[in-house]
Every structure is written in structure tokens, then in C-alpha cells.
Amino acid sequence: MSPPFPSSQKANPDDRRTLKTMKLWREKQGRDARVDEYTAGNDPVLDLELVPYDCLASIAHARMLRAAKVISAGETLALEKELRTIMSAARAGRFKIRPEEEDGHTAIENRLVRRLGGSGKKIHTARSRNDQVLVALRLYSRDKLDETRTALARLVETLNRLGKTYRSARMPGYTHARKAMPYSVGRYFRAFADALKDDLALIASARRLNDQNPLGTAAGYGVPLAIDRELTTRLLGFRKTQRNALYTQNSRGKFEAVILFVLSQVMLDLQRLAHDLILFSMDEFGFFILPERFCTGSSIMPQKKNPDVLELVRASLAVVHSGYFRVMEILKGLPSGYHRDLQLTKEPLILGFKHTLKTIGIVDLVLGELRVDKGKCRRACTEEVYAAEQVYRLVGKGIAFRDAYRKISRLY
Amino acid sequence: MSPPFPSSQKANPDDRRTLKTMKLWREKQGRDARVDEYTAGNDPVLDLELVPYDCLASIAHARMLRAAKVISAGETLALEKELRTIMSAARAGRFKIRPEEEDGHTAIENRLVRRLGGSGKKIHTARSRNDQVLVALRLYSRDKLDETRTALARLVETLNRLGKTYRSARMPGYTHARKAMPYSVGRYFRAFADALKDDLALIASARRLNDQNPLGTAAGYGVPLAIDRELTTRLLGFRKTQRNALYTQNSRGKFEAVILFVLSQVMLDLQRLAHDLILFSMDEFGFFILPERFCTGSSIMPQKKNPDVLELVRASLAVVHSGYFRVMEILKGLPSGYHRDLQLTKEPLILGFKHTLKTIGIVDLVLGELRVDKGKCRRACTEEVYAAEQVYRLVGKGIAFRDAYRKISRLY
Amino acid sequence: MSPPFPSSQKANPDDRRTLKTMKLWREKQGRDARVDEYTAGNDPVLDLELVPYDCLASIAHARMLRAAKVISAGETLALEKELRTIMSAARAGRFKIRPEEEDGHTAIENRLVRRLGGSGKKIHTARSRNDQVLVALRLYSRDKLDETRTALARLVETLNRLGKTYRSARMPGYTHARKAMPYSVGRYFRAFADALKDDLALIASARRLNDQNPLGTAAGYGVPLAIDRELTTRLLGFRKTQRNALYTQNSRGKFEAVILFVLSQVMLDLQRLAHDLILFSMDEFGFFILPERFCTGSSIMPQKKNPDVLELVRASLAVVHSGYFRVMEILKGLPSGYHRDLQLTKEPLILGFKHTLKTIGIVDLVLGELRVDKGKCRRACTEEVYAAEQVYRLVGKGIAFRDAYRKISRLY
Amino acid sequence: MSPPFPSSQKANPDDRRTLKTMKLWREKQGRDARVDEYTAGNDPVLDLELVPYDCLASIAHARMLRAAKVISAGETLALEKELRTIMSAARAGRFKIRPEEEDGHTAIENRLVRRLGGSGKKIHTARSRNDQVLVALRLYSRDKLDETRTALARLVETLNRLGKTYRSARMPGYTHARKAMPYSVGRYFRAFADALKDDLALIASARRLNDQNPLGTAAGYGVPLAIDRELTTRLLGFRKTQRNALYTQNSRGKFEAVILFVLSQVMLDLQRLAHDLILFSMDEFGFFILPERFCTGSSIMPQKKNPDVLELVRASLAVVHSGYFRVMEILKGLPSGYHRDLQLTKEPLILGFKHTLKTIGIVDLVLGELRVDKGKCRRACTEEVYAAEQVYRLVGKGIAFRDAYRKISRLY
């Protein structure tokens, strides 16, 4: 049985020349340059992150087209080879996206056409730029979520190590910013280990949600061609195929919001830790000492050793969380289906991952060298910190809790 | 061996009288009434939702105190009976919280002391108001998350039923608010079923996170008394005990944020559906018809049939999501440990659940009676909607996709 | 010349009976009760705040109708008298809005029709509920902005008084939460006086923006009747008439956002003051002492004197600011013209004003009794606080600033 | 009388070499490179915008130091000359900030020291980097607010011109996304002119707030040197001197929030216009026609002419407004005085201005070429749009409004 789509077509050398900077859609005459610049935005820069993932997805797509007999075995091989070359170039920082190409997806197709001619022109069969962007974002996010998980797990270990080291070091616990009851420095650090463990579970949820294959849904309404979506799902290692084509488009932005929310939860915990460390390393407390090589000076006060690095960790919640906010505000009020508005959700996602990873790393670094002044911690446990224990001594003698409490409260 | 804590103490009738409106902490003379009013806020109203859950947790706590030999079997029985009475009263709307009692937790303890004397004064042994509030909130949230899940699952069914009914009804799919390709009305509805199914998974994550027992961590630094926390975990059906006492306090607000985020995701999908239905039921489209008994009129234009109910669904994202925002803004910049700021996270949580549940119900109601004008849907699939199909016909004849695309694009 | 609109029509007693609970639009049979409840929301409660302002605007509207010869002098008088009665009742808390009336505007018209018959039925001539709500909100907001300004001006005075009292009391100034240079307690308080003075200018801007008369724009497209909009502008004391009818509708929500933003700026400054006072009244600093009658105790730790009132002030930014966020999120993605979504901007506005006013009052109260421990403040100015002064002594001896700085920095 | 500070000190050539990349504070050995990279962030890039404004402020500062006799006339001249050279270089894109210099302020001082030796080392007398950054930001913001005002005024003119051109072109007005009453295309455009005029007033408020001179407040606690702050206020053209040194620091971020809020109001109006234009240029309406050279195609559907440019305008609210959100979230929970957290408010401010200016320009461009299909607008005014007019005809015949309304409503 002969293949339904002959794939012997030869590349036309003319095409290679004229298509150098073609967009993925046919341009009409007289496009306004200012509009082009406005619509491209900083995609040419941001997309450098996504190029390797687009290549990966394109390889899977090519194999699927081969299985569907849209392209030949030879074409598949050539496409795959060229895509791997682009992937390496991109990873080495040597792949460029020209502003007039709009984005990375166009740059890749242009290069395929330039190098391979006809086969390059077939790679877009049975897909749209919409699902192409989606699949690249999903693969990228999966990788970055895994990196985040690994970095966070390392930080949990660091905190648990501190928890063990300072298990029996006593420090006052505070409520309402007032000394409350005695606690342990070790358990203080473990509080953050436990918080981040809950965040790891949230990251796992986001990863699971994200792990759905959108490729083959095209612009949100499928393609009039019999394709094997399960094949690309398997090849790309997705947990499942995202079946409904319209929902696949509608989930653009939604998944980004979920991811940015989860990263914000990590940052929420780290900003609290940073805030605590800034407070407790003040001379007025002196519980923690931040090594000088992590401190910053003042341009006017020569005595200053400022905890700038921790202050920036504290502010980092806002960097990531404002990205979440941006995505949600973009989504509000959009009807179903793809809208170009969604392009502007890419930047907060990429910056959110970068900033979170950098911040986790820096906190790990700081904690690794943080010093605890056990003497100051212990001496800060002044008498009133034991008032609740006094109550419980009376309770042990048979006095009802509320009566014991009232008795002791008269002493303060 | 005799019990370490005698529990025979008799109630002192004087106490009953003087303690009528006692706060849970010893008040100094001359409290400022305006401060009292400011600090109580609307807790006396909001806490009515939480009273049954506090009673439940208090029963578990009493049984644990019995096991720890802090109270006798008789006292446990009396406390449990009285707590069940309060629970019923609260569920029937007959339990009142006096403004001078500050909150529901105080109102319950006051009533226990009034009715039972000494045993009432012992119920607060080995706990603080902090973990008491936390455990009530966790039980309340678990219930409400389950209610939300049930309501949402019902809505998914409604959508799937519509999906089945209109499977073969054709309508145009839109991208960029422009007709794109042919789609099906059934698949349109299924897009939302799939979105809500992803939300159900998010709800399950939030439920799992929330399902940790905080009882016994007291004010965030434990209690100087050997207690069996696993016992209350079992009695209250929690998945696990939240071990670190400081993290338990630090997770106040954080868990609320996670829950409100998840509810916001539900509302995000429903606002999109509402927005679509408002648009597609305009005369200019006419795809959907909202029954008149769901429409609202104008005070000046007698012809109007307005989709107010859908407009309010659309706005509801902001109602729930601003609650998320409030919680996150409260948390930012707070050091570790309990702060009274956290009291103000209770209202957005309770209102968030109420509004989400009401909105899911109303959407289900509307969808149940929504009518589809299949003729208008079909006729809206005008010629250009099939342009991509034209391209694929050429692809089928062996023309490379990009060349076929360019050929057809010249027709438009 | 005879008047174009005869106004002699008599009230029909039947109408009075049947219209008792009429909505402002003609209802069709079989309205769904759940939809009614969902759409009314808590308008019946919130609108009690607006009723007096609606009456005021209705009186101006009646006089304008009289000038336009739509109603007679007698009818105007009767309407005005009845509206004044309602206004007093509302101010005394004796005006009720029945749930089935939807909102305050309907309740007022129903009452006018019940009492006055035909004249009541004419009051809605040349207006729509849309501009009726708008004008009531503008009058309400103007009043509340003035109240806020007055309360804030009083607080500025309190702060300036503290500034004067503690002008020469020395305390350390902090940067990066580290002692920086010597400062004065008085100037510390003046910092907040100056912040609030800038807020007063923002309030004035919001007031000016709000001070535009929307009455007469009806549903956003005017009315087919010659009316004198300048007359109601004069009668209601507005700065100007908001001319463009569509923009008048589009400004619903926008003006609320501006107001809530400005109130949030006040709360931003107050939360910073509260945060400072909580910190500086810790035992570790001891600069400020919060009188015990403003402190709150713990249910478990008898020694505690917690600054709950200040913690709630700190959290109050989020209460008001989440209202701003809600309004902005509602507006995003709405096309021009009125949408029912806007109803849900009313609650954050009213609660925002209430909470801001309450918080300004409570801060004023606390500051009035706050005590300063001048000795502790002075002793906290330890040697390193004077390092910059040492630098400047060298500068005074002719050493370049940067060289002097480096010389002194070696000492630390 | 001899000057109190001799200014004859010669530059030490050694210093020039060793100080090449000095930070403004004395570094200790063994700084961690990762910390340096984390704390510098993207200041080296962002600060390029601020360099010219820092130079301007430094010139004024030098003149003030001359008046205070800290530096000689010759030194002042040399500093001013060099600063003007830097300013020109920066404006021409030829000034570089090395990553190890941290920021633009350090880069400028380093260059002054390299070129001028001793005088360069004196420029930082009587100021801190804190007020140096503040004054540069204020001058920058003043310029950008003026640019925004100019661009916006131009857009108002464009809209008014459209208002005039289409004054008598009839189109239906919509409420609740349903045809309501007849309106005019001209008045439609004027609605946005009026909205932007209100925004111009908000911009003026922000400009006035921003127009306060912070220079001379140093790190928030002044300098121990008699300086003439009014002189720099006059030289830099500020409206007034911001007197309280601590408030000056506390206003960092606050002013940025006000500016970003005001820019967000502009974007709020433009996103609504964009949303309308996208809707009304759908084939289903056809009121407006977006010229093809502003449209974008699809990679899969050859017929598509997508309004991407308008979609990106719509999404731009979120770009600017998430910057506002970031600033506010950073500020929440910070005690008084400078904190490094504030560094991260710089990026949203600069990007906010850039994006707003770009978007205003693009909207002006699009409106300049937008076409109105007057025939379609007119024909869309179908019969029911005149229902309110029918009511008023009955009112004209003496029927009470409410009765007339009910009569006509029976027809629909």
C-alpha cells in the first residue's frame, strides 16, 4: 500500500533564499515596523530558554509524522539531525533569534527550511504554533520544576542538619513579637525544613498537572488529519495526553499560574526565614551571626555590616509573586481560545523559575555558614519565659488549669 | 498507682458567676472598650461557623486528657455531653457569642465553666487558643473542601452531559476573537469539564496539605506536659500529626492561602465560562439562549433581558481571589510565631468557601436550563472556517505544508 | 405656553397595593429564587449606607424634573418631604430593605409609590438605576473622604505634638535593621506626620476626581428628554458635570479603585508605624511602652502582654488593599458600558472606608497614651552609631571624604 | 577668612589604580562571588537609565559643596565637566557599568576618582548612596511623567478628532453586553478622551508628590555637616525640599507605588478600549476595521487576520500593574529606614514607564488608521434599541414614567 502523502519533494534552492526571515504566517505588504516591534516584545530573548525544548518536541513530532506517513524515513532523520544541532547550539548559547523572526519557533523553522528545504516546510504539518509553544513550555517547566525540587530537597537537608546540630541549644520562642516559651534552636530550623517539605508536595502537584501532552491540539480545535497523539506522549515521556483541544488552549496561563503560585509558596517560607535571620542577628538579639563575607557595607557609615543578601531574599517573594499576579490578571476576562495576551505570561514564568532557583541556592549558601551564638540564645531565656511551666507545675499539683493560670498571671 | 493529677476538684459556684464573660486571659483593669471592639472585629459572627468544629476537637482533646490522666472518666463524659449540646445548638443557629467574649473559643469555654465548673476549667490544659483555632479551622476546611469537591463533581457531570448531547452540533472555534476552525458544541462544554477535573486534583492537594493535626502544639512551642498527640490525630481522622510546633503556627495563613488559591482556580474557570456564555448569547452570535427566568431587566429600557447572574459569576473570581491576596499580604513580613494579624485571614477563608459553593451551584443551575441554538451555531461556520482544511487537502496531494499554506493564504 | 408634560395625574390606589415589592424592572413569571438571592447578594445590607445619599440625589432630581416641567410644584414638595423622612429613618437605622426589593434604590422608589402613588412613579423619569447608584456612591464617597481627611489631620496633629515633646530625645536610627546614626524620637514621629500629609494630598486628588456629577447620564447613553444637568450639579454641590454618558458608566469602579488605592496608602503608612512600635516596644529594645490597658493576654502564658491592637493595625493594610485588588480584578476584561459585575465593587468601597476610619481612630488613641523610655532610647545610641560623625571630623580636617571613610572603616 | 575645609589635596596616582573598581563601601576579604552577583541583580543594566540623572544631581551637589566650602571652585568646575561628559556618554549609550561595580552610582564615583583623583573622593561628602539613588529616581520619574503626559495629551487629541469626525454616526450603546440605546460613534471615542483626561489629573498628582528634593537626607538620618538643602532644591528645580530625613527614606517605594498606580490607571482605560475594538471589529459586529498592516496571521489558518497588537495592549495592564503589586508587596512588613529590599522596586518602575509609553504610542498609531463602518454601525441600531424612546414618548403624553415603562415592556 502506497503512502497517502508522497514525501519525495525536493527543496527548492530559491525558497531557501527568500524564506530566510519568513514569519510562520504569510505577511501582507507594508507591515508597520512599530507594530512588529511591539508584538515581538522580548520573545527573541526569552525564547532562547525554550529553543532546546521546542527541538525536542519537534523531533517527537517528526517521528509521529513519519509514522503517519507524512514524511519519509530519510526526511525524519535529516530533521532530527538538524534539530539536535540547533539544540546543542542553543544550549551552548550559539543560537540566535533575529528580531524580524518574532520568536524561537519561527527561527527554528526558518533554519530547517534553509538547511533542508522541503522537509523543513513539512515539519509544521499537523500542528500550530499554539501547541508548539505549549509543548515547549510544558517540557521546560517539567525540567525546571525538577531542578527546583532537587535544590529544595538539598536545602531541607541543610536545615535538618542544623536541626540536629542545635537540637539541645535553648532559645526563647516568640509570639506577638514577645518572648513566649522556651524552644530549641534545632527545632527552630526544623520548622523551615517542614515548611519546605510541604512545598515539595505542592511542587509535585504542579508537576503532575503540567505533565500533560498538548501537542496535536493545534490552535485549539485539532487538525483535519489522522495523527497519533499517544505516540508523542510516549516519546516525550508525558504522564498523559491532554485530550480536549480547546481546554488545552484554555490551560495556557492557568498552568503557569499554578506553577508561579507554588514557587511563591517556597518564596513565602524563605522570606520568613530571611526576616527572622535579619531580626535575630541584630545586636539587640545576637542569636545568629552572618559571616562578614556575606555582609555589605554602607557608602557613608563605615561601621556597617548589612545583611543585604537576606533582605533581597525577603523581597524575592514579591518578584515571583508579582509574576503570578501578572498571569492571573492577564487571564481575567479572556474568552475561550488562544489570545495573543498569553504571550506575556512567558516572561514571569521564566523569570520566576530563575529567581526561585537563585534564591534557594543563596539561602543554602548562607545557612551553610551561619553561626549560632548559643550563649546569647540561652541567656535570652529569661525568667518570664517559664511562666507557662509554672502553671503546669500547679496543674501537676491538682489545680485546674484555668485557676493555676490565673494564680500565676498575678505575678506578672 | 494513683493518677498524677487528682480530678475530683468540685466546681466552685462563685466561679461560675464571676467567670460568665471571662476572656481566656486575665484582664487588667481599665481595658479600653474601643480597643476591645477593634480587636474582636467580626469574630463573634464568623466564629459561629467554627463552633461545631471546635467542639469536635475539644471532645478529642478531652479524651486525650483523660488518657493522660489529667481529667477523670466522669469529667470527660460531662465535657463531651456538654460539647455535643453546644455543637447541636450551633448547627441549629441557637448558639450565641457575646461581643465581650471576643470569639467562639472563649464562648465555649465560658459555657463549659458555667455548666460544669471545675472540669470546664481543665479543658484548656495542654493546649493554647492558637492550636485550638488551628484545629477548628483545619476540620472546617476539610469539610468545606469535601463539599466543594462534591459540588464540582456534580458540575463536571452536567458539563459532560452537555458534551454528550451536543457532541455532533457544529460551531465555529475562535482564536484571537476571530473565527478559526470548526469545532463541536459538545467538545466546547467538555473543555470546561476537563478544566474542572484538573481543579479537582488541586483541591485534593489542598485537602491533603490541610489534613494535618495541629492540636497539642499550643502557642507554637509545645506544652510542658506529656501528651499523646497521635491519639487526637486518630480520633479526629487526620492523615498525620503536624510535628514541629513552630511550623504548625507558621502554617497558619499559609494553608489558608493554598486553599483560597485552589478555590480561585475554580472561579477562574467559571468566570471564563460565564464570559463565553454572555458573549455567545448576544444577538450578534445567538449560539446560546439563557432562559428568561434567569434574566434581569433594566429600570429604564423595557426591552432588556440581562444576564446578571452570569456577570456576577464572572466577577466572583475577584471576590475569592482578593481573599487570597489579603491572606498573602498579611503574611508578608511577619516573623515566625503567632501574630494577631492572622486573625484577619479567617474572614476571607470562610467567605471564600461560601462564595465558591454558591457560585458552583448557580452555574450548575444555569447550565441545566441553558438552550443551544444548533442552527445558528452551524450557520456561523462560514466558509473561511474551513481554510485550514483546504490546506490539508493540498498536503494530502503531496504539497509541503508550508507551501500549501501559502497557496491558500493568497485566497484571503 | 402650556407645559409639555401634564403633571396632574392622580395616584391610583390599586397601584399602591400591587407595587409594594416591585423591582425597578418588569419581572417575568417564574423567576428562580436562587438566582434572585445570588444576584441581590448583600446589597440589602450594604445599601443602608447609601440610602441617605440616594434620597439627597433624588431630591435634586425631583427639583430638576420640576424645572423641566415633568412634575408639578406640589409633586416636588411631596416627594421632597417623603425623601427627607426616609433619609432621617435611614440615618436612625429605622429604614429596612426587604430582600425581594433587591437594593436600596428599589426600596426607596417602592416607598414613594406606596405613599405618593403617581408622583412616586415619576421620580425615575430621566434617570436609570445606573446613574442613580453612581450619584449616591459619589455623594457617599465625598462625605467619607472628608471624614477620612479630618481624622487624618487630627492624627497628624497628634504626631506633630509627639514630635515637639520628644524633639531632643535621642534614639538610634536604623538602616538594614542595623544601628546607623543618631536620630531624635521627635523626628521619628514627624516622619509619619509627613507621610500622612502626603496622603492628605492624595485624598484631595481622589476627592477632586470623585466630585463629578453623573446624574442624568442614565444607563450610559443619556435620555431622550431635554434635562438640565447643570442644575443637579449645582444643587448637589458637585465641582463639575461629568459630561460623556458612556465614560460616566465606565468610570464606575475606576473611581472606587482610585479611592481604595488612596486609602491603602494611608494604611501602608500606618502598618509601618505599627510594625515599628511592635518592634521597638520589645524588651530587647524598650524604646516605647504600650499601656497595659491596650495589651492583650495569652490563654496559656500568664506573663504575656501582647500588642494585638497594633498587630491588627498592621494587618489592616491587607483588608483595605485587597478591596482595591478586588475592584481592579473585576474591571479587567470588561467591555465598555455597565455590567452587573460592578455591583461587587460596592462592598470593598464601603468596608474600606469603615476599616480605614476605625484604624486611624485607634492609632490616634494608642499614640495618645504611648510612653517613651527616653533613657533606653539614649543608651541605645552606642559608640558605633557615631562612626559617620568620626568620618566628618576627619573631613573637617581636610581629608577627602572617601579617604576619611576608609580610615574609620578600619576600626570596625 | 579662610575656608574651613582645605580643598587643595592632590590626587594620589596609586589610588586611581587601586580604586578602579572599588565599591562605595570598604570590602572585607573573601567576599562570596555568588552573593555579589545575587545582590547586584540587574542594577548594572537598569542603572544605565539613571546615570544621566545621577550626574545632574551630582552637579547640583558639587555646587552645594562649593557653597559650603567643602570643595574649591576649581574642583567644582572639574567635577561638573567630567559629570557632563559622563551624562553625554550615557545618553549616547557609551557609558558602561561593570558588574563588579554593583551599580551606576559606584561606576560614576569610580570614574570621577580615576579621572580627577582627590576631588572625586570628595563628591560623596554630605550624601549617602541612599539619597543619591533617591534624587536620581525623582529626576528620572519627573522626566518620564512629563513624557507620559505629553504622549497622553496627544492621544486625547486623536480621540477628540475621532469624536468630531464621527459625531453624527449612530451606533448602538450596550449594557450587560446587550444592545441598550442608540449612541454615537463620536461620543464613543470621546468617552476615552474623557477617561484619559482624568488620568492626566492623576499623573499631575503623582508628579507633584514626586517633585520633592531628597538630596541631603543621606541614609535617612541626615549628615553631621551644615549643608544648604534649599540650594540643590532650587538648582534641580524641585517644588520643595523633603525635610524629614527618615520620611524621605520611608517614601522610597511609596512614591514608586503611586506612580505605578497612576500608570496602571492609564493602562486600565487602554485595555478597555483595546477589548472593545477587538470585540467590535469581529465579523459579527463589523463596526470597526483594523487595517491589515496592523494584523497578524496564523501559522496554520491562512485566512486569519488577528488583532495581536490590540491583544497585547489589553494584556499590558497586567505588565504595569504587576509592577505596582511588586512594589507594594516589598513594602509590606518593612520597618522604618532603608532596606536593600527596596532595590527591587527600581525595575518595575523603569519597565512600567517604558511599557506605558510604548503602549500609548501604539494605541495612537492604531487609532490613527482605524476605519469605522458607519453603515454597519447604523444598521446595528435595530428596533429594540429605541424602546426607551418609546417610553419617553408616552411620558411626553402625560403617562407616569413607571406606567409607561410597564406598558412598553409588555411588547418585549
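Order of writing sets the labels: A, B, C and D. Residues in every chain begin at 1.
To be clear about the criterion, contacts are C-beta pairs under 8 Å (C-beta built on N, C-alpha and C of every residue); 3 or more make two chains touch, one makes a residue touch a chain.
Predicted model, so just to flag it, every value in this text is computed and none were measured.
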Co-neighbours of subunit C and subunit B - touch as defined: A, D
Farthest-lying chain, centroid of Cα atoms versus that of subunit D: B
Same-interface partner of B-C, chosen from the options A-D, A-C or A-B, over half of the pairs matching: A-D
Between subunit C and subunit D, centroid-to-centroid distance (C-alpha), Å: 26
Distance from the mean Cα position of subunit D to that of subunit B, given in whole angstrom: 38
In subunit A, residues with contacts to at least two other chains: 25-26, 124, 175-177, 180-181, 218-219, 223, 275, 279, 297-302, 304, 306, 308, 311, 314, 317-318, 321, 328-329, 332-334, 339-340, 388, 405-406, 409
Touching residues on subunit A, where the partner in the complex is subunit C: 175-181, 278-279, 282-285, 297-308, 311, 328-329, 332-334, 384, 387-388, 390-391, 405-406, 408-409, 411-412
Subunit A contact footprint on subunit B (complex, rising order): 4-6, 9, 25-26, 70, 109, 113, 118, 120-125, 130, 173-177, 180-183, 187-188, 190-195, 198, 201-202, 205, 208-209, 218-225, 242-247, 249-251, 254, 257-258, 261, 264-265, 268-269, 271-272, 275-276, 279, 314, 317-318, 321, 328, 331-340, 388-389, 392, 395-396, 398-403, 405-406, 409-410
Of all residues in subunit B, those that touch subunit C in their complex: 23-32, 34-35, 38-39, 41, 124, 127-129, 132, 218-219, 223, 275, 292-302, 304, 306, 308-309, 311-312, 314-319, 321-323, 325-327, 329-330, 333, 339-344, 348, 358-359, 361-362, 365
